[in-house]
Amino acid sequence: MKKVINQAEQVVEEMLQGVVLAHPQYVKRVEGFDVIVRANAPVAGKVALVSGGGSGHEPSHGGFVGRGMLDGAVAGAVFTSPTPDQVYEAVKAVDGGKGVLLVIKNYTGDVMNFDMAAEMAEADNIQVAKVVVNDDVAVENSTWTTGRRGIAGTVFVHKIAGAKAETGASLEEVKAVAEKVIANVRSMGMALSPCTVPAAGKPSFTLAEDEVEIGMGIHGEPGTHRESIRSADETAAHLLDKILADIDFTAGDEVAVLINGLGATPLMELYVVNRKVAEILGEKGIQIAKTYVGNYMTSLEMAGFSISLLKLDAELKELLLAPADTPAFVQF
Amino acid sequence: MKKVINQAEQVVEEMLQGVVLAHPQYVKRVEGFDVIVRANAPVAGKVALVSGGGSGHEPSHGGFVGRGMLDGAVAGAVFTSPTPDQVYEAVKAVDGGKGVLLVIKNYTGDVMNFDMAAEMAEADNIQVAKVVVNDDVAVENSTWTTGRRGIAGTVFVHKIAGAKAETGASLEEVKAVAEKVIANVRSMGMALSPCTVPAAGKPSFTLAEDEVEIGMGIHGEPGTHRESIRSADETAAHLLDKILADIDFTAGDEVAVLINGLGATPLMELYVVNRKVAEILGEKGIQIAKTYVGNYMTSLEMAGFSISLLKLDAELKELLLAPADTPAFVQF
Amino acid sequence: MNNPAIALIGAVADAIVQNKEFLTSLDAAIGDADHGINLSRGAEAVRAKAAASPNADIGALLKATGMTLISTVGGASGPLYGTAFLRAAAPAQGKTALDGETVKLMLAAAIQGIKDRGKATRGEKTMLDALEPAFEAFVQGLEAQKPLVECLEEATEAARQGVEFTKTIIATKGRASYLGERSKGHQDPGATSSTIMLAAITDFCRKAP
Amino acid sequence: MNNPAIALIGAVADAIVQNKEFLTSLDAAIGDADHGINLSRGAEAVRAKAAASPNADIGALLKATGMTLISTVGGASGPLYGTAFLRAAAPAQGKTALDGETVKLMLAAAIQGIKDRGKATRGEKTMLDALEPAFEAFVQGLEAQKPLVECLEEATEAARQGVEFTKTIIATKGRASYLGERSKGHQDPGATSSTIMLAAITDFCRKAP
């Protein structure tokens, strides 16, 4: 394992310190907890958004704490859902009296830990609502699974629900728009190389020099299958096909696109992917309202990427294009 | 070589297409050339900034084309300075009548190619000025070398000279502030792993599992020496020492910090580095006015990072904090 | 530190920490490579907590253990094992020694806690595939009036077989469920850690004076 | 395609393309691993350009070659070799065949062009360390009234020795200069490509009818 770290056990703590030192105008620490909240939290008269999950997905989620997105982010151990007490502290720190929306990615651990935190907060008479993001089409949504995973599409939930909260909307309204995003966002990823959890010290899997993992999750979990590496165009088309087959996108629809890097894939390659994605959408007459390309939901130093597509209506579009000002997502 | 590309020869072309498809509100292509300019170029009544260099450093430089930073960016082949005719086209496309500043990184090839382009543009009666960025303290600035390399500190030149140009300043004034940045910015980097130029198909060097390269450049060029990997804190302290020894930073000085990822290093690790950098600067009484952490000047999928420090005066600070709106650098 | 319950907690913690890499490697195959790391973090915290507040009341000790697991382990196993210990605490409330009948109630409560929290049933490739057979074997032993240690030994053996069984099935709960068919052939990390804990308890009781 | 000058350009281009990986690997050691890639891209472009506009005027052909190199190679070697060919074009202006004296003028002009553009002198571990000794050997041969092919052979041999010499010195110009002491022991990619081109020219002339 070759990493720029001190002790593996300290990496989350030291990262959080580094984040707060870098961005004091945006965020502050809830002392004693692995929780980062807006510098001016709690914001009175606004529904607050809290997200989080295991660490290792940076800039998710701490990088999205700021005006127009999250109010708080909870950092678990690397790839491990944070514990309920941590989430509970975040909720307490950001509640401005209008309630708190928890944005949860659909993993058994996250769902259980956030649920327990919600119970704790409700016992304090804090209004809490929850949404569970499950955008990954790689995983079949059949009755025998725990449902789809939540991956990079989560960033659209943060952005849009965050913008809605900024308008002064109620908790129910913010939750409703978050659910609308979840209903309309689909993602799928692939990996070229594994990543190494610092405390584990070695990669969680290996791939041959010509092999890639299709349907890769964001925690080093194996994907749906392995195959020989194909061209960027073929790979992009394959992932996009799966996404387009899952949800009804038709000519004239407007979408937002996110080409998300998993960590080690150069922006150059992400743009090569975007070229093909835009071409295919163009052929189908699907309008692209906005494209994001970059590392938004990573998996440590994994090489690979995911494509997310969000179908927009007038409300989603307006909220997506609204300003945001956070360490990792700034938009005029 | 495992990359998300089609043909190695097409990667720059396809990337540029992907960039323009992703960010039509920011940039457009100069047809027939590997040149990206602002969507509204040329901007009348404003000095224009053109930068560029070999590709593979994304988001440098195309990602910084937009309001408050560059007007045009020229993309050479991967790690290869662009040719004079390409730079010349960029200059012609962005000149709004107030002249064009070329921001060049100090490499023999870049300097020669941009010089030739300047000669071509001057023959067309376009006012051209040039600055050469040489922030890398790893390379001794003795008489027997071509001087220091230009690395991540270049981003500060784009930001600050770009902000100055936006004020309506003259070409001389914009050049002067760019030179002030260059006089006050110092950087140094290190690498944990090599990168692979697509057309070469294999890494340009190898490092043992416990070995790192100190003083690494951004083109896979070897650094000053190799050593056993040390802790993040020791490494950060070592690089920062070199920087602080080179330029006179004293207690009370204000600086901007850039912790720049070379491509494959997770944001988590960059923040761990920032923590130590902020700690050391704090001990020395050096004030941090602004910190940037992320991939600004990369080297394909190389793992590693660089630290840049810019000493600020009132003018530099104001211009640094001024708004910018580009694909990869947005600031309110 | 003469409290045997605390010594038992320590023995279980030791077993988890010793198997940290093994459990993590199992999780690497069909999960996210953190199960051993998560549980070891919890085990260290539980050991420290138990040592700091020696409590003769086994129920109180188990409650503290459950709370500590919930606040230090994270992931799926944190709330599950945490809930299990919290629930097991109730029948042990106020007790300083345990008999077979109480242990049976505790095991039943723990398993029900895991089911309530995780919404899984036996056969979904989770810790339940070790714990439910173990519970059944334990109850059979009790009914046959075997000594407690023997009941525990049979429970552990049943748990081991449960782990073997998890190799033959597809996961339909937890992170491994995303793998579908590919989860076959691998043993479940949580079933394995449950078995390791049971074995440690059994071992401790066997050696107990 | 009966124009021998075009055939010569083709032969030089072939030599470059054949050595693409070799030159790139030399550049990987002390530069940025693109020298062979850069020159091959230029060589292909030059070949296409020459084939498209067969021109009996050697000066015009060399000028087109220089322009093409400048606009396709990039890096340090693009402007340097491009300038060299542009400068070599002048003495060959209007000519359809070359004598030794003209070749001498062309070589001198090319070398001066590289010096003007790159501000390097001999001994700095650049292409000049091959080209200047080559030029001197060529002139000696000419003065000794040796046939052109023999002069070229001696020039190529001197260039080869120049390449060997580059292994013994520290680079003080170009990207390798950042390496300081570490550049020692490696041969300069540009000196090597210059030698490869000279060798190809020599070979071509030796085989020419």
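The first chain written gets the first letter, and so on, giving A, B, C and D; residue counts start at 1 in each chain.
The rule we apply is simple: contacts are C-beta pairs under 8 Å (C-beta built on N, C-alpha and C of every residue); 3 or more make two chains touch, one makes a residue touch a chain.
Source: prediction; values computed, not measured.
K.L.:
Please flag the chain sitting at the greatest distance from subunit A, going by CA centroids.
P.N.:
Following the centroid criterion, the farthest chain would be D.
K.L.:
Centroid of subunit A to centroid of subunit B, CA atoms only: how many Å?
P.N.:
28
K.L.:
Centroid from C-alpha atoms only, then distance subunit C to subunit D, rounded to Å. What do you get?
P.N.:
Centre-to-centre distance between subunit C and subunit D: 75 Å.
K.L.:
Once you find the CA centre of subunit B and the CA centre of subunit D, what distance in Å lies between them?
P.N.:
Subunit B and subunit D have C-alpha centres separated by 32 Å.
K.L.:
Report, in whole Å, the distance between the mean C-alpha point of subunit B and the mean C-alpha point of subunit C.
P.N.:
That gives a centre separation of 54 Å.
K.L.:
Spell out all pairs of chains that touch, sorted by label.
P.N.:
A-B, A-C, B-D
K.L.:
Enumerate the contact residues on subunit A facing subunit C in the complex.
P.N.:
By the definition above, subunit A touches subunit C via 54, 76-86, 107-109, 112-113, 116, 138-140, 144-146, 149, 197, 199-200, 204-205, 217, 219-222, 224-225.
K.L.:
Quick check: in the complex, which residue numbers of subunit C touch subunit A?
P.N.:
Of all residues in subunit C, those touching subunit A are 24, 28-34, 37-38, 41, 70-80, 117-118, 170, 172-175, 177-180, 182.
K.L.:
Considering only the defined contacts, which subunit B positions touch subunit A in the complex?
P.N.:
It comes out as residues 2-6, 11, 14-19, 21-23, 55-56, 58-59, 63, 192-193, 209-210, 212, 229, 231-233, 235, 257, 259, 263-275, 278-279, 288, 291-295, 298, 300-301, 303-305, 323, 325, 327-328, 330-332.
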